[in-house]
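The two complexes that follow have chain A in common; it is paired with chain B in the first and with chain C in the second.
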Partner chain A sequence: MRATNYKLILVSLCAGALFILPVMAGLLGTWLPALGYLPSIGASQISVEPILAVFAHPSSYSSIQATLSSALLATGAAFVISQWLCMQLYNSNSWSWIKRSIGLLLAVPHLAFGIGFAFLISPSGWIMRLLSPGISGFNVPPDWLIINDSYALSLTLVLVLKEIPFFLLMSLAAMGSFDVAKTLQVAASLGYSRGEAWLKLVFVQMYPQLRLPLYAVLSYSLSVVDLSIILGPTSPPTFAVLINQWYGDADTDFRLLGAAGASLLLILVTVLLGLIFALEKLCSKIAQGWLLAGPVRYGVGYFAWGYRKIAKYTVIGLWASTLLTLAVLLLWSVAQQWRFPLALPSKWSLKYWQLSWQQLPEPLFNTALVGFCSATIAISLVIAILHWQSQSARSVNQQSSNSSQLLLWLIYLPMLVPQVSFLFGIQVLLVGLGLDGKLASLVWAHLIFVLPYCYLTLAKVFLQFDNRFFQQAMILSQSRWKSFWMIKMPMLFKPIAFSFAISFAVSVSQYLPTLYVAGGRFNTITTETVALATGADDRISASFALWQFWLPLLVFVTATAIPQWCFRRRKGL
Partner chain B sequence: MTQLNPIAFELQNLQLRLDGVALFPEISIQLTAGELLVVMGPSGCGKSSLLAAIAGSSPSEFELRGNIRLQGKQLNALAMERREVAIVYQDDLLFPHLDVAGNLLFALPRGDSLQRLDSVQRALASAGLAGFEKRDVATLSGGQRARVSLLRSLLARPKLLLLDEPFSRLDEALRQDFRQFVFAQIDIMNIPALMVSHDRRDCPNSQFYSLQDAQMQMLNGANI
Partner chain C sequence: MSILKKKSTLSAGFYSARALLISLGLCTASFTLWAADQTATALNDSPAWQKTLASAKGQTVYFNAWGGSETINAYIRWAAEQVEDQYQVTVKQVKITDTGNVVSRLLAEKSAGRTSSGSVDLVWINGENFKSMKDNGLLAKAYTQQLPNYLLVDTENKPSTLYDFTTAVDNLEAPWGMAQMVFMYDTAHLDSHPQDMHTLLSTVQDNKGRFSYPAPPNFHGTSFIKQALIELIADKRLLSKAVVKEDFSKVTAPLWAYLDKLHPLMWRSGRSFPSSAGQMKKLLNNSEIFISLSFNPNDASNAIANDELPESIKTYVHAKGTLGNTHFVAIPFNAKAKEGAKVFANFLMSPAAQARKASPQIWGDPTVLAMQKLSEAQRQSFSDLPLGQATLSTEQLGTVLLEPHASWVAALEQEWLSRYAK
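And then the complex of A and B:
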């Protein structure tokens, strides 16, 4: 048993060498230019000049302001709404449906959803068309700034809509580790209302497992680039987009500015995460007394029937926004002519499909290839780590030991560090090693970001697998190999397929890693979609976004259908 | 004498320690082929841990002292899958993704496929489950699942059978039925068996081993 523990450490170290070191190297490769050191463009004087230049840049302040407000608002709203939905809808008649369908929402990439959503809510969008001219009285689109508004509200809204499903999935996983129904029952018998019981007993137990996802979402919202290019403010854009523009400037001197901005963004993220952590500590201190103060007699009905109804409509709204997005993308992709107040296109055409079809095969193939490679490698690594983890656990209750806590943080690291803060460094590193623009480098770069999600979606179920099944199989078959492949893997086939599909979707949605590592040699559906969404014809843009929407969904539906079909005669699974 | 009554399974001065504290007094037990010994003791005294230690599935935090010998072979350091020790729990642990025949075939050693199928059919028939080969295990009743689980363990041809409260999930009528089935199978297989139980009716000859006192006792309280 000692040996397996040793193996776990070895695997962790390998994972560290593969993923953590590059992140560190990437950070260093960004910090040095931020301090004025980038020999490849002839800068070798260490100074704080680039940092000061960021502060002096006229765009910086309002850019950072919009970034901060949208990220904090989006993360906070998505987190609170998701928790409120859990509280209201747990074990209601729609609960099992929510559990089953949440993966589908999660598989839709932010970018495709964002583009489609813009087609819905813009002043000339579908919603306005449906209201015009009858209700709104508009015969031409109103001159309102809805998309790319300077407060980044549309960006915030899309982030909220996309992060709620993620928080819901993480909450579902967190609820798997204790008996929520019994907890609520006991609390009710002690006179607690559902709302109070949920806050004091259920949420408090869930939070430690939601902490890292919360941090990851905040970091993502602060540093998202592709979605922000489509929906965010434009002059100036959000900070991550601004940094990306500096990096891409024809004048290479701007690289130093970009690196300095990227380093400042990392500091910003770190400080904010630190503040949230401090806030948590403060809240838990203050809440101590409140937790034990006893139930509020005849307390406010957080949990009245009406609230549950609102919660239900919120989930329906979540689904409706996704379906409407899909519908409007479909409509635009086959529209030849669609004048403003009309509810539907007046002329239809498959021309734009054919046009996009000529450009599609290569990016589509690249996307699928990189997605399959990175998802397959990720799921194999994660299964290996988890299997060793499950075999080396001293006992079931000790899975949260220090070493696996450390492993968790290491795995999460790429999700907590803004991509734009270290990808430039990685690019410099790869160019230096002559490894940029290689397929293997691209797969590996995706893997850095796919692996955390893969681990995140599989760990809970995998570690809760009743190890006695595996032991029984070993006793019966006298073979570790057979027990692993014929018993443990098939019994976990469903969650593994789910995790694979999510991993694939994460790979598809990667924009910056592809941009920085592929060296222009590999275009994916995502880089093409971003390139087309800014400027090109709406109809081409819609048909590309549609492919970005579909591909992960297709993989998701297939991956969940295969185990379903294999075990169609097995009720026990 | 040893020729007539060979000792098949033996625990010599066995002790389990957790963080330096012994779970129960040192125990020494000898079993002959076909013999069933029931181990009793208050809950939490380490009955299940004892079985896990013998099967080789106990977590590394437990420290094992003394000897476990099966057919003259020392088991202490042997990996679980090499011990030839079967263990049956109150949970049947049937593999939900395989049908009844699949569960049984998984335990059968490699060989001619027709012969293996034949063994499965005969095993099922012996348990009154003829024709159940293609059934989904999730559709079986509790009693049927218990039987398939025991058959599965025995088809692996173990040299020792461990039973961890195998009857406690079954209702009264089924319990009596399944108990007779288990006793009969142990007799047919002619292997030693160790059972942890709470139920006095599980004890053959009204005797049991008290883990707490580390000695055989009669059900009426007398020491032996």
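And then the complex of A and C:
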């Protein structure tokens, strides 16, 4: 018993050494220049000048404002909508379909979706083309501020569309830990309306498990760079993009400004998460009376329930936006000439497919290689951790829960810390150790960001695994390994494959880590897509975005099909 | 030799003293050129260059170059294949979005004390980024004087090959191509094009929302601001000197007054700006805007050939001239494949590579070479190039304006941001 606990601590320490120390070093490597220390450009005086310079920069305030409003709005809206969808659609006839298909939506990278979505909704986008000139009367596109608007609304919209599936998936996992149907039944027999029962009994039980995803989405929305470049405001851009611009400015003094900005972003994220945590506590205090008041006839819950149709259309809308995005990317990739207001290209060509085909092998191979490596390592580590956790949880409840809690936070930390706030430092660190531009470093950098999502998608199902199967197997086989490989693994194959696919998708979508760590030695489909998206050629950028779009999808479909195929004769699984 | 012969026989038909003088002049000129040609050949055969070629063999050159244009990427792929075949040097393009990021990486390498085997072997660069690399000691030792093809560069008539945005080049970067600001307009929507900043304003007044420029600090955006300043400032001489802080707001007042008038009439009422010249081209293609700008005089022709722009697009320049500059390739201080990078840089300056690059069907980037320094056949390869349907002739391109002193960029960008990107 002691040994298991000891093992867990050992694993935590290893995880710490592998992931947390470098992140810390990366943060330090960013904080020092933020305080004016960067000897390579002759800055060796510790001062708060760079920080003051950020505040003095004309673009900072409105940039932070746009970032804050878009991130809070996107996170809030996506969270509320996803919970509302769960409440309305739980156990409806479309529920099982949603459960099965949600992973597909999740696997589509933000970037590819964003590029395609811009093709869709911009004033000269496909929707307007379909309406013009017949319905809209426009022969030239209207001068409407839709994409790159200064309030970051289009960025917010895309974030909402992309985060709803994530929250849905996390809610599904959370619902697995208790019997929702029975809860609702009992509540109904006690006179609770469905809506009220959901809010008071189901949501409240789900929330602790949704807290972390919520924080992760908020942190991501505050610090996303690639998507903001394409859809976000331009003058000034969002804060993370501005920081990236400072890092890339020709004037090397701007590196200090960039580091100071990155550190401020971290503070911003920390403060916001703290505020949300406080708000949570406050809400639970205030709501205590309401929660314990028993069934209320015309309460909030009463009115919240009963919009199943609208909810269904919302999910259809989610799917439609993804499919339309895919369709418009496909069209652009085979277009030779496609000018406004034509609904379809006037000249078609497979040239860009051929072009991307010639150039693709290398980035595609790199993407797949890094994706497979990081996802495989992540899944192995996570399974090891979870298995130990499940074993130790049975044996020493109290002690281990402390150390596993610590381990959890260690794993999740990279998900909560904005990437820009430590990647610059990591770059310096890797360069210093002569490890930049190596495949191993790149896989490791991806792993930092893949691991939390891998854990997040697998932990719930894995820990809920009925350990009696394992014990039974132990008794019958007398072998830990046999029981693990022949009973536990096959029984958990489906969620493992699912988690692998999500991990792969997370790796594919990494832009900044690849940029900073690969040192230009490893082009991935994502770095190529971003590079081309800044150019003038919609056709080639569409064909690259398309590849970024369906590479994770392909892995996802395969990963979910394999267990089904393997167990086609074992229906019980 | 052949140049000399041809020019002499040509002049033999003229008997006036003037003709004789001209022919004499030509003779001297062609003699010096012949000498240059000889030196180029001599350099080519020199043991030093042969040694460079030998050590370059088998090296892999990581060429960090902006990757946003498929046209340019395709050209780089072609050049890479050539040097692979001819010199067994492998060139890999690292497609970047911003040259500043390369400077960042080199800085990181410098702070880590990595003085050799760096990650960048050659970088496509000019202007501010070059100045920054030069100031921070991030460049390799002067090298272009060792390159045989450098002798063919028109340093005499193209001053920007020696002064990159007023920073002395000092042989630290090899000229790759010439750039001049041109405007593109859509004849399907506009009957005539503006002649200067004032007529641009009145054109936009009549076509509200149909013009924009990328937001500074984007290169093209800052260039547009500089162009406007050159046209609007009362005393142009100030621009060749460093900015005087105290006078800045006074001397630039006409610029801001102009922009204040222009912005509300622009695309998205000046509340949003395109992120790059690339995005501008897309907007022009979709008639979201009717006027766009570029630094490649052949851009429109190339894009039309490529179906990126409709045939109704034509090019124009402002009557009193537009900004011009040169873009270069530089080797960082810690490059691993220095010899390979030199071989590739030399190849990029070769008449064959430059002629291909100048073709509107390929890229359309003007050459840095001096026609007089080339052999007959080489010159022919340039004169045979078709003039793109939307390209201006050299005469039409008019005066090339020199870039203002480098210190103006930061001051203008700062002021622009505080006015329009708050």
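What we mean here is this: the second predicted complex is superposed on the first by the 557 of 573 C-alpha atoms of A that agree within 3 Å, B and C clash if a C-alpha of one lies under 4 Å from a C-alpha of the other, contacts with A are read in each partner's own complex, and residues count from 1 in each chain.
The criterion applied here is as follows: a contact is a pair of C-beta atoms (placed from the backbone, for glycine too) under 8 Å apart; a residue touches a chain by one contact, two chains touch by 3 or more.
The model shown is predicted, which means the values in this text are computed figures rather than measured ones.
In this overlay on chain A, chain B fits alongside chain C without clashing. Once the two complexes are overlaid on the shared chain, A:Asn523 sits against chain C while remaining clear of chain B.
When both complexes are overlaid on chain A, the residue A:Lys182 reaches neither chain B nor chain C. Of the two partner chains placed by superposition, A:Arg568 touches none, neither chain B nor chain C. Applying the stated contact rule after C-alpha superposition, one finds that A:Thr234 touches chain C and leaves chain B untouched.
Centres of mass aside, this uses C-alpha centres: at chain A, the angle toward chain B and chain C in the superposed model is 150 degrees, to the nearest 10. Measured by the number of chain A residues touched, the leading partner among chain B and chain C is C.
Touch criterion met: A:Ile487 reaches chain B, while chain C stays clear of it. When the shared chain is aligned, chain B comes close enough to touch A:Ile475, but chain C does not. Remark: least CA distance from chain B to chain C after fitting both complexes onto chain A is 48 Å. Touching chain B in their complex are the following residues of chain A: 1-2, 5, 393-395, 466, 468-469, 471-480, 482-483, 486-487, 490-491, 493, 567, 569-573. Interface residues of chain C, counted against chain A in their complex, comprise 62, 64, 66-71, 73-74, 94-101, 103-105, 107-114, 119-120, 127-129, 131-132, 135-136, 189, 208-210, 215, 217, 267-269, 271-283, 285-288, 303, 306-308, 310, 410, 414, 417-422. Chain contact summary for the complex, chain A toward chain C: residues 38-41, 57-59, 61-62, 123-124, 140-141, 143, 145, 148-150, 229, 233-236, 245, 247-252, 255, 336-337, 339-340, 347, 355, 359, 424, 427-428, 431-432, 434, 436-437, 515, 519-521, 523, 527-528, 530-538, 540.
By the touch criterion given at the top, residues 55, 57, 59-61, 80-87, 89, 91, 93-97, 99, 106-107, 136-139, 152-153, 156, 158 of chain B touch chain A in their complex.
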